[in-house]
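Next up: the structures, one after another.
Next, two complexes with chain A in common: one pairs it with chain B, the other with chain C.
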Partner chain A sequence: MRFWLQRVAMAVLLLLSVSALTFGAMNILGDPLFNILGPVAGDVNNPDSVKLIEKAKAEFDLDEPLVVRYGLWLSDFVRGDMGVQFSSDGQPPVSDLIKERLPRTATLVLLAQLMAISIAIPWALVTASRAGRLSDRISTMNTFFLVAMPNFALAIILKFVLSIKLGWMPLTYVANDPLSSRLWQMVLPALTIALPVAAVFQRLLRTDLITTLQQDFILMARAKGLSRRRVLFRHALRPSLFSFITVVGLNTGALIGGSIVVETIFRIPGIGSSLVESVLREDFPVVLAIVMIVAVAFVLINLLVDILYSIIDPRVRR
Partner chain B sequence: MSGNDNLVTTDDAADVAVANEAVKRRLGWGFWFCIGWIVLMIIVAFLAPYLSIKDPNANFIDMSGKGRPPYGPSMDHWFGTDKDARDIFSRTLYGARISLTVGFVAIAFGLLVGGTLGILAGYFRGWFDRIISFVFVILLSFPSLVLAIMLTSLIERSLLTISLVLGVLSIAPVGRLARASTLQYADREFVTAARQIGATNRRIILRELLPNVVIPMGALALLGMAVAIVAEGGLAFLGLSVEKGITWGSLIQLGSEGSTTLQKSPWIAFFPIFVLFFTVLALNFAGDRLRTYLDVKESAL
Partner chain C sequence: MSDNVETELLLEISDLKTHFRTPRGTVRAVDGVSLTLERGKALGIVGESGSGKTILSRSIMGLLPRSGVIREGSVKFRGQEILGKSTKEMQSVWGREMAMIFQDPMTSLNPVMKVGRQIAEPLMLHLGMNKAEARQTAEKLLRDVRIPEATRRLDQYPHELSGGMRQRVMIAIALACGPTLLFADEPTTALDVTVQAQILELINEQRRDRNMSLILVTHDLGVVAGFTDEIAVMYGGKLVEKAPTKVLFERMKMPYTEALLESIPRLDQPSHSRLAVIPGRPPDLVNPPQGCRFAPRCAYVRDRCLTEEPQLTAAETPGHVYACHYPVGSPEYHERRVELSKVSTVVGGSI
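Let's look at the complex of A and B:
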């Protein structure tokens, strides 16, 4: 029980620091009043502008000290109210924007994660059982290429080959299409994110499998007369999955980072492309909300991985 | 290493084994080929204005009836031109300047700051170590691209600031490695011996620990540079890198924007992609070989 409490307390502390740092940086380094009003913010001699400035200050509590504003923001955020967009009329509220866009990004990341895992496991099984042979060496070279390939470059190459030249895949995402075709439109973007991640997973799992396959109990299983395939699936795979699970959790960051780029290329209106747009518009409430959502997701997933890990292997609880 | 290795001199045997292995271990021709490519890129980046290549910002509108740009690759324009009839070949070479500078400055900054913090944390431990480690955890708890995008939203996007932002991102991974290897050495006999004869903390860190910690960090430098170059490319691709200037990312972005550019003139995006990919691959491969060569444990990363 103490183990869980410690983990959760750490996660909460982490999120608080992240939000405080982000909030502070944005208010100290940026100029919120200017971001809300634009050039009007500097026009203090014109009574009309002053009226606007006063109104904006009252609306966004800009006269309060930073700590108070952080407290206000935090209490709103925890209750699900992420404030108003800075852009001219403030519509729609940030929460609505996120509510509309988050499911798309979540679907994309989930799809990518599933693809990465379902590519990596068979790939690792095949290469580990033929370790050192030509096919394994070629596969190692391929993982090297995939890991070195920047995700935006991979996206363009896949888009060019599969969508433009071969015409197998749809080019872009259309938000109004029915669900099934939207899912189909997500396959190529998800594959773009998944391939390099699958290569990372495969490298790790292959190494672990090779180590496991040298254990005595594998020899024992083979000596009992079980087939290679059965030994591989039933005996070797499970004990090799430990560090795989950790890496799957840790790599969620790479997936989210990948989704930002991929959403931009394939025009998926998710929170990733929203982040880029709002950064270019200097719309800080949106940026802050998205950063926090990503941080929460990241922390939760890693917490989940820790929990999962300690269920599979109770020794880590100490 | 076990807990009481102060008493047992297992290290000697291991050192002998390493010495024998050193004869067998070679960096291989692939490593030197990659280094060659990287050096070539660095030379090109330095000398781009003095090489007799075309002006990267000039518009080479063709009047002899080839129609409107973009033009495909030809003897005149090896990599073709973009839709403003600018020469992709010279733009790609010029792109190396920003991309490589950012990569180099970022990892240098990361090594300096992350390395210093990591060594100090690993050496002094206690509350200082806790704070530093927590800062590393915070930095690592963010997908690095998200952190980079957030930071770039707060600053003027110049060559220096972009390099430093990416440098900040490399602090945590470098710092963790430095801390881990410092912890590994801080209890060894030669450090205890130095302390017994009255060496100051400063001297122990600089003369005893630093030379040992620098080796694994150096092996990480090439990989870190590759990561920084890719990150810069990603930022440039999203329009969030150095505002004025040619970088590989922005060239690739230009070649894939709109719905038809990629379809009708793929060379605009593909030549920069090839050069970027090959450079990153070379850095990755060389870094990987170097790491194996210097025998840096993957678990320490």
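Let's look at the complex of A and C:
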């Protein structure tokens, strides 16, 4: 119990420091006023401009010291209000923007991870049980190919073959389609993300499985007369999952902000594309909101990974 | 007629070879071993590490790596040849007819599976029990191997048990389906001295109760002394001496067997006396020495030993065979013995 309380306290501390650092860095390195008004911000001799400047300063509390502004942002954020966009007349509010886009990215990432895991585990089991044989070597070459291939290239190849040539898959994502067709439209982008990720997961799990398969308790399981398959699934898999779970967790967090290429190619208006747009426009509230979402996702997933550890291995239970 | 029942031949191994292909060459880990074992009897296989004793036991059972192994000769179990059988065919023999207790109870149990499940597994597989029956039987087995609070232990994980208890669990797993042949590969080496005797006693008692045959593999002649009917001594992948236990201790023929016995520290030696060791190392099994494989380390070596390999010969006692040109008791042996004792008194005197 104490352990989990500590974990939660650490998580809160981590989120506070991430937000403070991001908030501070953006405000010190950029000029919020300029980012809101554009060139008008420097036109201090024109009474019309001055009026606009005064209005913006009042709206965004720009005259307050940095610490106060951070405090204001934070109290809004924890209540679910992520502020107003600097650009596009401040519409829609950042919270609405995130609410609209986050589910798409989350679905994409989740679907991709599910695919990656369900490809990687059987793949690793097969190759580990035949380590060093021809099929294992061919598989190794394939993993290197998948990992080395840039994401956009894989996306284009998959799109070309499966959508354009064969016509099996939809070409792009359409935000107004019904849920079922939108899910179907997510399959190809998810696969694009999943394939190289699955290759990495497979390499990792294969290595751990090979180590486990040399353990005494595997020989013991064989001596009981269990079939190869049963030895693999019941005895070897579970103790081999630790680094696999860790990497799946870290990777899921990274994908939330990092699926930009795939989102662009398949025209999915998600978090990734918002992040790039807002960074280019120096739209601080949007950047900050996305950074916080990714950070929260990391924290939650790692908490989940710790819980999974204790489920898998009785020795780490407290 | 009653004799016939008594001496049912369970295992008959002839000229068993087990070689491993490695980048360095072919390792001749077991190089032509012949043995027989009757139902209900206990055979000890003794030798140093690297003598091939563990590989011999695994080779008899067929528990070897999938690739890079050459296994030749004949292993007849209950009159049936099992050497050529596939892994799939052997799976109905493993755990059911033949079971093995491994050396290290710390690493031989699955760390993430409850003890009860690990015992129940072969029961459900081979005897077709359902979960509840298997659990009940597992509990009974835990009691048989004298684990206190058996019911509670079923739901514990191996790390919650002591080393001795884990070894008992392993014995329970091995006994689960009532095998006719039990292999115990150094079953006490990883345990505290105080627990060792208990575990051996337990194995022996279960063997008697269940009329099982036992193959006890160990490097310690002292361990096999009280628990076996017969002892086979291995060196360099070969059988070098075999005799009924009592005969072996009274009239051993191989200088190697003698050296093994002398290397056990004894209480009647004065304290601080030097431990007797066998100088040198076991032979390289990729290029085993010509002639007798023990010759390079033997105190009684003569020219003939280095060139001509001694064959297994029968000693005067029935059932006793050995492979040595100048066995313990021969005139050449005595001659060298006298010379050696002179040298050791001279050395001893100068200290």
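Assorted remarks:
Just so we're on the same page, the second predicted complex is superposed on the first by the 305 of 318 C-alpha atoms of A that agree within 3 Å, B and C clash if a C-alpha of one lies under 4 Å from a C-alpha of the other, contacts with A are read in each partner's own complex, and residues count from 1 in each chain.
By definition in this document, a contact is a pair of C-beta atoms (placed from the backbone, for glycine too) under 8 Å apart; a residue touches a chain by one contact, two chains touch by 3 or more.
Here the structure is a predicted model, which is why all the values come from computation and not from measurement.
With chain A as the common reference, the superposed partners chain B and chain C fit together side by side. In the superposition on chain A, A:238 contacts chain C only, with no contact to chain B. A count of residues in chain A touched by chain B and by chain C gives the higher number to B.
By the touch criterion stated above, A:164 is placed in contact with chain B alone, chain C being left untouched. On the chain A superposition, the C-alpha centres give an angle at chain A of 80° between chain B and chain C, rounded to a multiple of 10. In the superposition on chain A, no contact is made by A:135 with either chain B or chain C.
Within the superposed three-chain model, A:75 lies out of touch with both chain B and chain C [touch as defined at top]. In the superposition on chain A, A:279 contacts chain B only, with no contact to chain C. Of all Cα pairs spanning chain B and chain C in the superposition, the closest are 11 Å apart. The residues of chain A shared by its contacts with chain B and with chain C come to none at all. Within the complex, the chain A residues that touch chain C are 133, 215-217, 219-228, 234-235, 238-239, 312-315. Of all residues in chain A, those touching chain B in their complex are 14, 17-18, 21-22, 25-26, 29-30, 144-145, 147-153, 156-157, 159-160, 164, 171-172, 252-254, 256-257, 260-261, 264-265, 275-276, 279-280, 282, 284, 287, 290-291, 294-295, 298-299, 302. Put simply, chain C touches chain A in their complex at residues 61, 63, 67, 87-88, 90-96, 99-100, 102-104, 107-113, 121-122, 125-126, 157, 159, 170, 173. The touching residues of chain B, counted against chain A in their complex, run 134, 137-138, 141-146, 149-150, 152-155, 226, 230, 233-234, 237-240, 249, 252-253, 255-256, 259, 262-263, 266, 269-270, 273, 276-277, 280-281, 284-285, 288.
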